[in-house]
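Okay, so subunit A shows up in both of these, paired with subunit B first and subunit C after.
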Partner chain A sequence: MTIDPEMAEIVKVFFQESREGLDAMESGLLGLGATADTENINTIFRAAHSIKGGSATFGFAEVAAFTHGVETLLDEMRNGVRPVTSEAVQTLLQACDCLREMIAATEAEQPLDQGRIATLNSDILHILGERPNEAPPPAASAPNHGAGPAAPAAGPAAGAGQSTGWRIVFEPVAELLRLRNEPTRMFAELERLGTFAARADVSRLPALDALDPESCYLSWTLEVSGQIPRPKLDEIFDWVDSHCRLEFTPTGSATAAPAAVQAASCAPAPSAAPAAEAKTAPPADAERSPAAVSAPVQKAAAESGSIRVATEKVDGIINLVGELLITQSMLSGFADGIDPDDLDRLRQGLSQLARNTRELQESVMQIRMLPISFAFNRFPRIVHDLSRKLGKKVELKLSGEGTELDKTVLEKISDPLVHLVRNALDHGLEIPDRRLAAGKQETGTLELAAFHEGGNIIIEVRDDGAGLNKTKILQKARERGLVAADQELTDEQIDNLIFMPGFSTADQISDVSGRGVGMDVVRRNINDLGGHVQISSKEGLGSTIRIRLPLTLAILDGQLVRVGKEIYIISLLAIVETIQVPRERVNKLVGRTEVFRLREEYLPVVKLCDQFGVEPDSRSAEDGLLVVVEADGKRAGVLVDDLLAQQQVVIKSLESNFKSVSGIAGATILGDGTVALIIDVPGLIRSVINSGGAISAHAA
Partner chain B sequence: MSTAKTTAGADRSGTDSSEQYLTFMLAGEEYGVDILRVQEIKGWDKVTRIPHTPDYVLGVINLRGAVVPILDLRRRFGLETIEFGPTTVVIVVRVMSGRGERTVGVVVDAVSEVYNVDADDTKPPPDVCGSVDTVFVKALATIEEKMLILLDIDRLIGNSIVDEVVPAGAAA
Partner chain C sequence: MAKKILAVDDSASMRQMVLFTLQGAGYEVVQACDGVEALELARQSAVDLVLTDVHMPRMDGITLVRELRALLTYKLVPMLILTTESSPEKKMDGKRAGATGWIVKPFNPPQLLATVARVI
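Here is the complex of A and B:
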């Protein structure tokens, strides 16, 4: 089967939907308790079925065949024939993973991991085969399913495979259409193989008043002529074969066997399922190579940058644009000249315009916003797997899944969050025995919460585990020279030492009972998003990691500052405070770099005028204003001439028409139409610290 | 003239071998750029300076919501700089750089004409050793006994933006 180039778009949708289906399957499986919740299993079954149907339609025979096994197992669970065991759920979860990889590989036109597929397949068959009263030899069917070169079922038919045509009797069950199969699509496939004719049998058609439009009453006799190998036909009927009676007869062939008939009358009864399972395999294998060379799907099309938007959001924007047009037509009425009496109406119109525009901007920004559940959804699985592995009992609580944040932020926060959750499970929560000994519940709690707070998104990862061992952390920090020996730190400062780069080496995980690996990476990722991360912990009671993120990367709450004639923007998130500098608190290091004593800290002073080469009002720290900024846990004072307004600015990339410039994060367009540059605070601080003015941010 | 707008591809005439060039003046010489690359011509206006850039990058402007860099061609070629006058214009061109299409404005002394240049009338530039700037010259054309310098703006601008392989001639 080949895929037309114009099908590529539809195929892409299939891949996307399959991923969503797999997510649904996974969360459904995780929700399966000891009891079989029928509704839940139905959901899982439907997802699997859609994937099977879709993959068969698009010629991804291996995916279809594999899903078929999964589906069979689910079907038995659904019908209560098979108990829902934790082993079965585990196998199905692995099957989900495998399917996800298969879909990714198919999309990227990469070879599939045959070994894994075969192993899982035989696992599934093994479960299916565990039936005391009726035991088909699972061991025998497994290998020929996975990678068997010749297919026994296709044996007799294969001899007649080079006939000049086929007659196919196709009698679907009434549910065929409800199971989302479309016979005409299959006919279209057949038509591609050769000259095709279909004769419908309408004898089963009831009277109109008794007709259920969703049932299939028709059956067909199909004739297709041409040199068509049997597997091609099997492939077309692959995903309906359990819902119909099929009869294949070769026609007009010299070698035609009298009746190489294979009746596959498989009602979806569980007892026949293994047989159906074995039968679907041959077409899958026979079809592997053609399927692999065809399919001109674009490579690496996985991240197309598309976004699925709720219809209501789009409708909201359409409404707003309508209102904008009304306001515009009202205002254009003034074009002929303004009567002084109209002034009020004009003013009213303008304020309406301003409101419309602002709302429109907000709505458009909303398009990029996705609920954080997209990131949270993977955690039940991670927690499930990891707690099993670590032998810990964990209850995961999610809250605020509906909190929306920018798609880009969402994508970039997922990995740091996974890291934090793994850390909390690995190092935070204790094993049941120790928890009981500490007088706590046997089952630990891990909470993931997201909420809004003052224009920011807060994500908290809370556990009720052992907490950080402050003594050990401090000791380690002193050993490493991160903290001076005589320096006193507050508890909070100690906790946040774990974000220091020196704390990220592996050997410390065992020593420090807190977290270790890569926390500095987590913090850097979050800082790159313009966010902030902080940990607080009580020994024996648990830790809370708090991530503060901007709602979006496209808009920034900025502080406009002036240096000479230039206006720059500093993100409000990075600003700690702004101070007028008293002369006596400024010192010079080695005659050049100015440092400023802010309470107990010495801050390097960054002069924007020197950094950016502009002529300032004043060159010394005493006359200007010092904006204290913080990034990566380091602080610096940025010397500016004046503070102007605070406003939200839309971030424009300098790179789209130019290139990135050090110290500059981007540009924006101010109200008067001029361009102002946005300062890259982390970059600026790094450049100051690297350029020799090295001053510890934690000076005593 | 400074506000004249050209639409790319408008009233394109001539045979296959002829191309239309927009020409402009720079230090007494007439240069030409492929008119299909010209997006618009606008008057000189204030720019926002960008730190850490070569001096021929004057800064960026807001071109209907896009942040567009403005280059001074005199500085780019290492020519003597002059005060911007009433005829000084910014020609906004689309160039192909190593990382895709960019919109860039170049400041020139004045715009001149639109010529149909026949491929037969063009000559390759003389191979002047040591002059780095001739790599930006696509060809020389003679129109009405005048010499036109046809520029390869992808090399000239694409390079200076993305790669900076060629040092600024203004250093001279």
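Here is the complex of A and C:
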């Protein structure tokens, strides 16, 4: 079945959809805890149900068999037969994990983890109150043999083949036709089984004026001859047997046949499908649906409002829009030097072009934007599992899940966020006893919030835990030589020491966090995205980690600076301030590095002219301007001759168009067509600090 | 003219499989992902057969069948429910709501076509 390429595509859709279904199940299960909300359980049930149906249809019998148990349990829960206990929820969560692995293994055509499947299956059966070997899941045997209607009796019925034909009395009730069960179609089916004859009984037919055209007044005696097994007949009458009187009599030789036939038809479907089946009465369905209309809005929005576009295509459009921006700024420059009479019209046109371009740019950028909920959605489960493991009580609050950011940024921020959340749970929040002792509520709060602020996105991870132990951090930092013994640091600086490489204050290394790698990696990852991370904490009250990220990696808010004849661009995000430095505040250290004092802090001076080998107006720090930049918690002053405009620039990769150059993050094309290089601030600071050795004293 | 079938399922893979099978056999297929959408589509244009899953968000298949049967234009349209439930109760729910018949999941394409051929 999967050989067909189109079928293979459909199977891929099934895998994708199953993963989405499992995500929905997981978040639903995590939300079950407090209130057993009917619509929520229904959603979870439907997801399991779809996975079961799909896996059976596409021939993944083991997945179908395993899901059957899960579905049965969920069905009992939603019908109120089985209470929603935290053990059951835990088992179902594990079943989700297991199913996820099964689906991944099935997709990769790898063997399944039979041991785990069996263990979980018996856990589920245990909850269902059945012993594992007692009830083999029906779905296991069902796939590929479920021959449509009336399948169950297919096997043992062979004995019925003894007869040479059947006489069938078929007396439908008047309503038969209303369900569009056409006797003639059934007769056509019978005709294909053997020689067929029908005799209609018209005795019930009323007078023409009393005749209701939608009612059935006829009944028939049907004769069909041939070696026809009884189930074949059952199959044909399956849909109508509740709407008619049926009588099957074998005709022809074998006298023993009737008994065999009865035996076969007495072993129908019900016994094969135990408590699994929903006993929902129709009124309950009707009650449920009105509520359902408003409840899953979220899901509907997520599904219907999205399209899948290849990232390359979008990047192509973004690139084109970038070109358009360049053209527009070129035209703007051109307008300064033409006939004054035309100027107004041209200006008007240009401002319109500018507006259109900007709008186009914004809307195109939107295509790449995804809500941060894609990253946040993992956390309920992570927090649930981790807090259980650590024996802590935690309430997770998410806000601003709809805040959008670039897909690439989103993907890259996901892992650092996980690390921060694990850290907050492990080190930040206290165990219930200690919280109570400290006069706090037993349940700790962990908040994840995202919002826009001035063209950036801010993500905050807040906990109301113990906060950072500043004394301990400072002590450790001194032990490791990260801070000089006599150096005084502000509270904020101490807090941010935790982002230094090789720093961990955990007394014991746990498997949750605390290996001393991580926070520095978190900061590096965030810096690589052009972002910035900072922690502030109050002892006993909690910590807040604040991440500032650009909305996109394709466009940058840049400050144009001039060094000699060259123009460079520095990201506005990296700039702290720009100053003119009096001569007396500049000192020359041993070697070639100059430093200057900025409010009790010594910062190295980075001379772009030396870095990039260009001829500047002046080489001394006091003649030019110092742009104070910050990255990785370290600052430096970049010496430039002049500050020019601030503008949005489209980032062009230098690496793909030329080659990677150290100290340069990329390039852009300015309005006059010249290429300007974008300074890689973190790289530049690293290179200066590495060459200047001694200046690490003001770290953090 | 090709017979038009309305296929309703919340699972995209099931929908695609049904679509692929039926289109391959020359039927015209319109799709809906739940009862509400199906009802909307069915009101807009007539179809020759409705094929619906049972468990769906917003409106389930049984309710859909009941709602459709109440419409004059769908009084005589065959409706089949796709179900994994082989229990007589569920089938009876379907019958009571006005379904013509059912197809028990899992089914393969020939089974689906054979069943569809029984009603249109």
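Definition applied: the second predicted complex is superposed on the first by the 419 of 700 C-alpha atoms of A that agree within 3 Å, B and C clash if a C-alpha of one lies under 4 Å from a C-alpha of the other, contacts with A are read in each partner's own complex, and residues count from 1 in each chain.
In this text, a contact is a pair of C-beta atoms (placed from the backbone, for glycine too) under 8 Å apart; a residue touches a chain by one contact, two chains touch by 3 or more.
Computed from a predicted structure; not experimentally measured.
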Partner chain(s) touched by A:Lys389 [first = subunit B, second = subunit C, both, neither]: neither
Touching partner for A:Leu179 - first (subunit B), second (subunit C), both, neither: second
First, second, both or neither for A:His243, with subunit B first and subunit C second: second
A:His452 touches, of subunit B and subunit C: first, second, both or neither? neither
Which superposed partner A:Glu566 touches (first subunit B, second subunit C, both, neither): first
Touched partner set for A:Val11, first subunit B, second subunit C, both or neither: second
Partner chain(s) touched by A:Arg355 [first = subunit B, second = subunit C, both, neither]: neither
Which of subunit B and subunit C A:Ser656 touches, first, second, both or neither: first
First, second, both or neither for A:Gly673, with subunit B first and subunit C second: first
Touched subunit A residues, subunit B compared with subunit C: C
Subunit A positions touched by subunit B in one structure and by subunit C in the second: none
Parts of subunit B lying in touch with subunit A, wherever the complex brings them together: 46-53, 57, 59-62, 65-69, 102-104, 161-162
Touching residues on subunit A, where the partner in the complex is subunit B: 566, 611-614, 652-654, 656-659, 661-664, 667, 669, 673-677
Partner subunit C, residues of subunit A touching it in the complex: 1, 6-7, 9-11, 13-14, 17, 42-43, 45-46, 49-50, 52-54, 56-58, 64, 142-144, 146-149, 151-152, 178-182, 185-186, 189, 214, 238-239, 242-243, 269-270, 272-273, 277-282, 285-286, 288-289, 292-293, 296, 299-300, 303
Footprint of subunit A on subunit C - complex, ascending: 10-14, 16-17, 20, 33, 35-36, 53, 55-60, 62-63, 66, 75-79, 84-90, 92-93, 95-108, 111, 114-115, 118-119
